[in-house]
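After this come two complexes, each holding chain A, first together with chain B and then together with chain C.
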Partner chain A sequence: MSTAASPADVEEFLDGAARARRTGRVDPVLLSGCVIVGFFIVCAIFAPWIAPHDPDFQQADGLNGIGPWAPFDSSYLLGTDELGRDYLSRLIYGARVAIFIAIVPNAIAMVIATLVGVSAGYFRGRVDTILMRITETVMVLPAFLLALALISVAGSGLWVVVIALVLVSWTYAARVVYGEVLRIREATFIEAARALGASSWRIIFRHVIPQLRGLLVTYFTLNAAFMVLTEAGLGFLGFGIQPPTPSWGAMIGASRDLLFWPWLIILPGVCLALLGMGFYLLGEGLQRRFGPRVPTARL
Partner chain B sequence: MLRVILRRLGWVLVTLAAVATFTFFLTFLLPQDVARTIAGDKVSEAEVERVRQELGLNDSPAIQYVRYMGRVARLDFGYSFVNRQPVGEIIAERLPRTISLAAVAIIFQLVVGIGLGLATAARANGVLDRTTLSWAVLMISLPTFWLGLILLYVFAFELGWFPLGGADSFSAIVLPAITLGIAGAAWYSRVVRQAASETLASDFVKELRAKGLPRRTILFKHVLRASLSPVLTMMAIDFGFFLGGAVLVETVYAWPGLGLTSYQAIETGDTPLLMACVIVGSAFVLILNLAADLVRTVIDPRVRLG
Partner chain C sequence: MKDEEVRRVLEAVEQGHLDRRTFVQRAAALGVGASTFGALAGTAVASSGAVLASPIPGPPYKRGKRGGVGSVAWPDKTVTYDPPLAYDLGGYYGLANFFRGLMAFDGKSNPQLDLASSMDISGDGKRYRFKLKKGVTFHNGREVTASDFKYTFERSSSKQIGSWVQGFLTSVQGHAAFAAGKTKQIPGIKVIDKYTLELRLTKPDVTIPGVLATPPFFVLPQEEVKKQGKNFTFNPVGTGPFKMEKWDKGGSRYTAVRNPDYVYGKTLPYFDELDWQWNVPETLEYLRVKSGKLDATGGNLGSAPSIVAQLRASKNPDYKEWPSFSIQWFELNTTQAPFDDVRVRRAVNYAVNKPRLQSLFIQPTGHFFPPNLLGYNPALKTYGYDPEKAKSLLKQAGATGVELTIPILDGGTGRIEQLLQQDLQQVGFKVKLVKDQASVYDLGSKLATKYPLWYKGWGMGLPDPSELVSSLIGTGAPSNYSGWGNKAIDKLGGQATAITNRGKRGSTYAAIEKILLAEAPFIFLGVSTWVTMHSKRLQNFVWEPVLYEHWDRSWAS
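Then we have the complex of A and B:
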């Protein structure tokens, strides 16, 4: 589902961005987005060095008499899970899955969206009708349910999950790219290139796609939040990246009946919400600074 | 106009046929012996073979496909693998639950979204106004299922105000509806705020004020009406979305609607039930999207139905 942000937001943002440029100060939205996302990327890359314990190792003293350790109660800073594994380490390793999901299926979806959007928008005519009809139709289908069905049939291997995530997200991006290409193709420099005798392919690759860069970067960032949250939803139902690989959504799913130990549910959710928010803020900040408004998808 | 609507309805049918085809191929990929599943584990191979004959599973895929599409066209989804009940009956039993949940969630979304939107537009740059954007971002960043679990923990488990799940009492619908609607409420409030502040600055509002109408009347009668159109189309789309795919929220709250049913169908390998859920859910989304487009053309004459 896509929800366009209102023009008031645009003004507000443009104002903020203009002020930031004038005063030479950094836009707080962009900065906070960078800090949050950067933090999780560092966690993901350096997980083996940052994490105090092996995330999959069931510690000998990982459980007290009645269950896992609560946060700040033992030598395990954020407590342990129901199997006595260090929770902080699992959360840090969970960042790896989240960042992977934010980048890989997202990038594939962007490539597909660019191919579809540019072909439809540049060539128009029949290609346009067929491609955009398909895009709009796939867009309104209950994507999450179809992704679940696909994973249940094909098994929840890493790449099946990636494909499912690509399937649920490429359409929104394709439509955004399409709209932008419709605008670009009317520009004078495209006409000039055509007058000089450049081929369609040359125009597309040398003139149209470079113009899309800002839009794609912004959309990539916003869509990253959508990807992470969707994978978390799949993981929660047991259809995401499979255990023992720690994934925040799956960690919440594993603890959903353990309401006696609420931190097992709260902590991974806080990580998810923070990362999701970080991506949104980063995307908003990029828009304020560089570019066109992009409608965002939400769960 | 009528011809356009008919053409769009035709397209809905074509799309549904494509979805049905997709689900058909999914079952072919399934590493499951359907006849064995139906006959049970204790039966002899000869008996399983008989079931296979009966269901026509030995026919070529093409014939099976045609037969399957024929049945779907007659809304005959066959029998559940798990409890042998006709799938149509199960769907008919669960569907009202999903509709009531979606309806309450939409109402929540509208009331909160429009209320907040008007309040922030009326007091532009107030504290509420300056914080709603942060709220909106926070609300759409929260994973819905997680928010559901937290609400369940606080209000059902710790405080005991609501049941821990299911749909046995009237109050059971409150938490799932809030969980489902809260992100939408945040979005609507932004959209309404924008539309309302534009209307507030317009000449006709100035005139109403000059006429001496109380602020409240202007806000609730005139500004509200002018700000509704973007929300109405969003609402139709959201409603279809809730009907087609509230899998996560229904699962968290064990709310026995279509979403939970499809999740259970996946868990138990109940293919006919899952296929029916997917097709029915898609049908809802497609039809309500068409409805949204119609609403848009009625409200805004500039929009043409394509």
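Then we have the complex of A and C:
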């Protein structure tokens, strides 16, 4: 079954691009995605300069006698957590984990997906059969449960989480790349390259992969939201990054029994929702600009 | 006037308001012998006088209203009801619903006669003779006999069962060989006749009444245990106030109904039915009690600090904080560096910012013994918060910049580990936290092969310091995973169980704790504040510090 872009998708791609060129205006969806994601990237990069306190340090005056400080009630702008740590600083540093997770495992997953998808789509035959059956086998396993199982076996920690996220997320991208390569390999310029005697690897690296750039960038962005939310889910269940490193999902998980200190749940929740939305808008904007459509249902 | 006073004392005894010491003191003040009081109260008194007289042991029970359903929920993942094997709170706390024993605690952790009508202690303290109440029946209708107690005590002490109470009857003749699996019975447990049981000891052991008041020694019907095998845990058959009606594992709840043949069946229990739930987090427990859908929270609400802070601030009359026997500490792996050096162990004790522990509802006593326990001596020198002294000791020991990996066990929140992490980093350690899904008691002695220290909590089942020596601090004690041992403590611990004078016994245990504090195999934290909440309609809810509740005497208004 091919997942190559349909003529309608191509039309949409042409229409979107043509519209952008015609009006000369920036797509508001793309712009808002860039602003939101950009904001969190800035927070992540400049956290040590932006954050007012050490995010892991339990301040001597961080508790008020009956619990943590609420937002705007003390010198701690967004209050403190149950151990007396500055919550604003933890949220800012939490962006570091989120952005790291959005980029590093995502990029590794894209590389694996590209290699698998291109090899299977270009060489076809036995290579296609073996690689795509492996891909489909991993694909049918519930991603979140698979990640949980991996972390349970390997033990938690930043790099274990990265590996788990890579292992559960490369398959979808591989399927999309595979479909696109099936379409590209039949194009006349590939036929021309073959006629000129170019080797398979030269064709792949010089002619096929460059054609995938738009698709990969779009998919990377959409997958970033998946990565961030999956890490948050793992963190919520206590399987993510180890404490005291601030991770938004883990911050929500650690506060789930703290019913009467709602800011401890709401604030990281808002950050997660915003960043997830930012990546989605960015992906949507890029997709409108570059097309073709990629499956987003699992997001 | 004297008659009136006698009547009042008897009434207080009957309702369980008086403990043994107060009872004997008042009797003496009135010029009436304890035996006279006992006779008046309709219960037998031993020749040694060490007997509590009350028709129904336990906390006050009168004026209750019969009928209705009582409900409670617990945070545990599972609940088990085989008495020597129950370890989860929801199971252990509920054992007294289905089972009763020779003795029972009174709501203040003092043992009283229960299914025994008398306890006779020989002059040399090496023989305990119990007369059983006649006509007490199991839920299957069969009468309880002395043989059932022998079977129960041997089962709880056996190697096959491997219970945490296996070593509680070590003073009974032949216990050691039986516990090691070398003999088929304990000769020191003698069935004299159908209603008389005798324990013959190798040395005096004043802990026996307390031991027999702990649920793992509550009587079981041999035929039901054998018939049901592993299913006994879901189909408990005992002599308790409630009978199992329906076990709904999928729904994480069971229903128990009133046992009309309960030994105190004319009066208790008040509820017709009990609805016992588990797998309910503390937050949900609180919300359900608040909305009237549940009568009481199980477990300790203190583990959900925001709820307790809210309850404290609102001065809610339906919540209560109880002094507990729930000890909290970090156990140090003394088998290897850096904690094989006593200076390092002392240093980490000085490093802990103890006042901060209060935010986690730990009363930071700095002791190992809980304040209400015999042998607790507030005058003992404990480790104050002194990071400079800690640094100096570490420097002396040459342990600077040491890397430590501390586990967050059993899906814990990691709050206390993070408190310790910061404190240890302040004095120069490099500390990493790792999550480990196993519990401290699952890992047991494997802990020492994996980690340098770990957090530990222990809810005492027997309100006596002998439990701490035999289970936690004695050399090779079953739950001592630190690899640490001290011959002087072992010797004093062995002597202490035989000391009948309470004051002298307390001094002996205080001496044990003094050695423990000096040797510092643990980071001493303190005891948990136990927090419960109940619905407005639930009356006479009593939480027992030694981990059981008295649902037979609670009622709904």
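Assume the second predicted complex is superposed on the first by the 276 of 299 C-alpha atoms of A that agree within 3 Å, B and C clash if a C-alpha of one lies under 4 Å from a C-alpha of the other, contacts with A are read in each partner's own complex, and residues count from 1 in each chain.
What we mean here is this: a contact is a pair of C-beta atoms (placed from the backbone, for glycine too) under 8 Å apart; a residue touches a chain by one contact, two chains touch by 3 or more.
Just so it is clear, the model here is predicted, and its values are computed rather than measured.
By the touch criterion stated above, A:R183 is placed in contact with neither chain B nor chain C. Shared-chain residue A:P142: touches chain B; no touch with chain C. Judged by the touch definition given at the top, the superposed model places A:S152 against both chain B and chain C.
Once the two complexes are laid over each other on the shared chain, residue contacts for A:R213 go to neither chain B nor chain C.
When the two structures are aligned on the shared chain, A:R124 is found in touch with neither chain B nor chain C.
Chain A has more of its residues touched by B than by the other of chain B and chain C.
Once the two complexes are laid over each other on the shared chain, residue contacts for A:G249 go to chain B alone; chain C is not touched.
By the touch criterion defined above, A:L281 lies against chain B but remains apart from chain C after alignment on the C-alpha atoms of chain A. Contacts of A:A225 after superposition: chain B is touched, whereas chain C is not reached.
In the superposition on chain A, A:I265 contacts chain B only, with no contact to chain C. Comparing which residues of chain A touch chain B with which touch chain C, the overlap comprises 152, 239, 256, 259.
Chain contact summary for the complex, chain A toward chain B: residues 1, 3, 5-9, 12, 133, 137, 140-146, 148-150, 152-154, 225, 229, 232-233, 236-237, 239, 249, 252, 256, 259, 262, 265-266, 268-269, 272-274, 276-277, 280-281, 284, 296, 298-299. Against chain C, the residues of chain A that register as touching in their complex are 56-58, 63, 66-67, 82-84, 152, 155-157, 238-239, 242-244, 254, 256-261.
For chain C in complex with chain A, the touching residues are 281-283, 286-287, 303-307, 309-310, 312-313, 356, 359, 408, 411, 413-415, 417-419, 421-422, 432-437. Within the complex formed with chain A, the residues of chain B that make contact are 11, 15, 18-19, 22-23, 26-27, 29-30, 133, 137-138, 140-147, 149-150, 152-153, 157, 183, 187, 190-191, 193-195, 197, 234, 237-238, 240-241, 244-245, 247-248, 251-252, 259, 262-263, 266, 274, 277-278, 281-282, 285-286, 289.
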